[in-house]
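Order of writing sets the chain letters: A, B and C. Residues in each chain are counted from 1.
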Amino acid sequence: MLMPIFNILIFPGLLFLFFFSMLAEYYDRKLGARLQNRVGPPWFQPLADFIKLLGKEDIIPEEADNRVFKLMPVFALTSVSCAFFYIPLWGKNALYSFNGDVVVVLYLLTVPILTYFLGGWYSRSVFSMIGAVRSLTQLFAYEVPLFMTILAAALLADTWSLSKMAAFYSAHPGYWVFNILGFVIAQITLLGKLEKVPFDIPEAETEIVAGSFTEYSGRLLALFRLSINIEMVVGTSLLAAVFMPWWLDAGPIAGFIIYVLKVAALISLVSLLRSLFARLRLDQMINLCWRVFAPLAFLQVIINLILKGALFK
Amino acid sequence: MHNTGDVKVPIGPQHPALKEPESFLLTLRGEKITAASVKIGYNHRGIEKACEGRTYIQDLYLIERICGICSHSHSTAFAQAVEEIAGIEIPARAKYIRTIVAELERVHSHLLWLGVAGHEIGFDTLLMYTWRDREVVMDILAQLTGNRVNYGMNTIGGVRRDIKAEQIPQVLKGVDTLEERTKYYIKIAGEEPTLINRLSKVGMLSYEDAIRMGAVGPTARASGVQRDVRKDDPYAAYADIDFKVITHNTCDVYGRTIVRVLELMESFKIIRQLLAKLPEGSISVRAPRKIPAGEAVSRYEAPRGEDLHYVRANGTDKPDRVKVRAPTLANVQAVALMLEDRYLADMPIVVAAIDPCFSCTDRLVSINDADHNSKNTFEWEKIHRDSIEWYKKRGIDFAKLNKTF
Amino acid sequence: MIWPGAMIRQLLSSLTKKPATVNYPADKSGMPKGFRGKLKFDASKCIGCKMCMKDCPTGAIVIRQVGEKKFEADLDLGKCIYCGQCVDSCLKKALGLTSEFELAQLDPKKLKITLTDGPSIAGNKEGSGE
């Protein structure tokens, strides 16, 4: 009885996610700064930001819908945290798993974007509403390639459970090579989900102030930022679990270190891509996702289907 | 919010995209801009009136502080106008030193603009790199003039500081470093597709529109208009220098970027020529304190375009009237035209592409009294009294403001 | 087809270089010689002509007579724009510029100081709070 509570609340649950996401944000910002020849923030900066925001006043605009405004950060935080429990981190078993949890994880990762939309829409400020609409428009562009690549990997493993996928790829070392195209597409569209440059259109600071988060302040903003950080950890963990299924048989300590290294490598890629490109315009982004990424993801699905037929007669 | 399909978005006066306050009211349908209107005047500080109460020497420093990045432009244009009225011919070495600082200021301004353009399209890496390289030119300027901005080089009759022979090798070394970095930025501007796609076909201003709207500087030169005061009406040492006027024919923000980056390369050439041909001699002549009556117009090619100063003297040691027409005033009227039928995401870069400097722009011309349908001019004392009354009604008493003039 | 990411080599090489940020206040090497900082005043050369006061754009410097042919200069650090026009206008070269620029104070009254000759650490009347 105690073990599940410990797992959910402390490790690898909420408390662990809290500190790990702070470390992930620090690593992302520090690496981004060093790539730009700057010094970057000290290690405690994300924690200091969180504590400072907790101490500020929550200002809710008069015309905003009070209940929706306050509930959205909570929903965002809970849904990303929940998604974490179904991803096999180190070892082949997630905390909880059932057949179909790939789809559940992907949907749970979509919920935060919906909360950004609702929070921005019900703030009733011009900039928030434009940012909210852009969030959803961007969602329709990158979700399809992201879903298809992950489902392609699931197709090859012939299961809808992430833990069983990890077990399958562990048992057949070398099969992860077939998913490389999907890996590249997933990495780039992950930037869209995390709303980082070149896809940070919903939060374009120079165009619409802060997008959906314009009217948020104080504790609500702290929760939103925490959920964004946890989303980065969960997204990269998902990609690591699906596309980098190496050394899953190591013991607990070594497995944990390997997991941290995998996540660090993926966050490094995110930082690098973030510093290399300018922000795309919304119409350019939709063109890119539907004309380039979606066909390539579809190609990956077809490749995996053919391979499945060929390898498992 | 009534949804008639059109949303009015106020960009400014305070907005993260704008470095200075000005107001653009955009009417949006979805992401497309259907109409744009421009309102300026938020940075008006009464500089032209303040000039009339100070002597010419004091005015030099006031005029210099109209703007931080084109400070030498304003100061030189003013000094040139006063020298023309007084009939003073400044020595050749002073002309060369003025031109060297002017070109270094142009380098500084264009590098700053590259960074700002990068920031407006979300390319923060370009911002960090160009502003790191800008430190090189600021260090050169600090060595030559004693300050990183607002150089204070000019005086009526010449310049105040000399360039010593041992400073020249360091300046040349700095110019070499910057030239190498600028070549890298030219390469990036030609090769990075995310950058090119954000800047191309954005903010179109055809050749006819550029002339009709009175655009100046790189904004007009990117539309193919061959207008450069340094060639059309040479001042300071430009008559002795060999350089090209850079134009481009794409009429969009990408063209303006290319024009500015290539102008950087030309500036490096000009600085090298000037330093090689620097004549010996004194750096200033004695100028009288009381300038005889007369008026003069002086033109100057600031980094943003043509800067006009008009000075009228009446025989005393204070000017009678000073009028400044900054280049951004000529360019900002084209912004409404450029924004039509574009996306909201293009707004920051279109505004940034004219290189706005609204501190330069806001000067008062005349007041239309809408109630009485007549043009009226207020006197200084009346505005002063009205403003004290306005604040007194709100509980603040400025009547004890210390007046030193 | 051009690939995006043209700056990648620069970015990766920046990882191995020192950051371009100057570590102020630990490293104060930034300002060059000849930087226009705080004024210094040699009372033995001043003849009280007040040309500096006439030409100062902001009225920051005030010359006071404290005895027979002895003058002192009061400077308002908040009004001074460090242009150095007074240095140029002085007929006897009694004024000069140092490179000192860390002149901020928490108390605005401490900004009005009496100028001395040379570095300002010794002998300021109202103290510059160093």
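One rule holds for everything that comes next: a residue touches a chain if its C-beta (ideal position, glycine included) is under 8 Å from a C-beta of that chain, and two chains touch if they have at least 3 such contacts.
Quick caveat: nothing in here was measured; it's all calculated off a predicted structure.
A.B. asks: When you average C-alpha coordinates per chain, which one falls nearest the overall C-alpha average? Tell me, please.
C.D. replies: Per-chain C-alpha centroids ranked by distance to the global centroid put B first.
A.B. asks: Between B-C and A-B, name the chain pair that shares the greater number of C-beta pairs in contact.
C.D. replies: Most C-beta pairs in contact, of the two: A-B.
A.B. asks: On a C-alpha centroid basis, what's the spacing between chain A and chain C, in Å?
C.D. replies: So the centre of chain A lies 52 Å away from the centre of chain C.
A.B. asks: Report, in whole Å, the distance between the mean C-alpha point of chain B and the mean C-alpha point of chain C.
C.D. replies: 26
A.B. asks: Report, in whole Å, the distance between the mean C-alpha point of chain A and the mean C-alpha point of chain B.
C.D. replies: Distance between chain centres: 45 Å.
A.B. asks: Tell me, which residues of chain C touch at least two other chains?
C.D. replies: 4-5, 7, 11, 20
A.B. asks: Multi-chain contacts only, two chains or more: what residues does chain B have there?
C.D. replies: Counting only residues that touch two or more other chains, chain B contributes 125-126, 129, 132, 192, 194.
A.B. asks: Listing for chain A: what residues touch at least two other chains?
C.D. replies: If we look for residues of chain A contacting two or more partner chains, we find 35-38, 275-277.
A.B. asks: Touching residues of chain A toward chain B in the complex: what are they?
C.D. replies: It is residues 35-38, 124, 126-127, 129-130, 197-198, 200-201, 204-209, 275-284 of chain A that touch chain B.
A.B. asks: Quick check on the complex: what are the chain B residues that touch chain C?
C.D. replies: For chain B paired with chain C, touching residues are 54-55, 57-58, 61-62, 65, 125-126, 129, 132, 135, 139, 142-143, 146-147, 150, 152, 155, 160, 184, 187-188, 191-194, 404-405.
A.B. asks: State the interface residues of chain C toward chain B in the complex, per the touch definition above.
C.D. replies: 2-7, 10-11, 20, 31-36, 54-59, 81-85, 88-89, 97
A.B. asks: In the complex, go through chain C and note every residue touching chain A.
C.D. replies: For this pair, the touching residues of chain C are 4-5, 7-8, 11-12, 14-15, 17, 19-21.
A.B. asks: Sort out for me which residues of chain B touch chain A in the complex.
C.D. replies: For chain B paired with chain A, touching residues are 1, 7-10, 15-17, 28, 31, 118-126, 128-129, 132, 192, 194-195, 197-198, 343-348.
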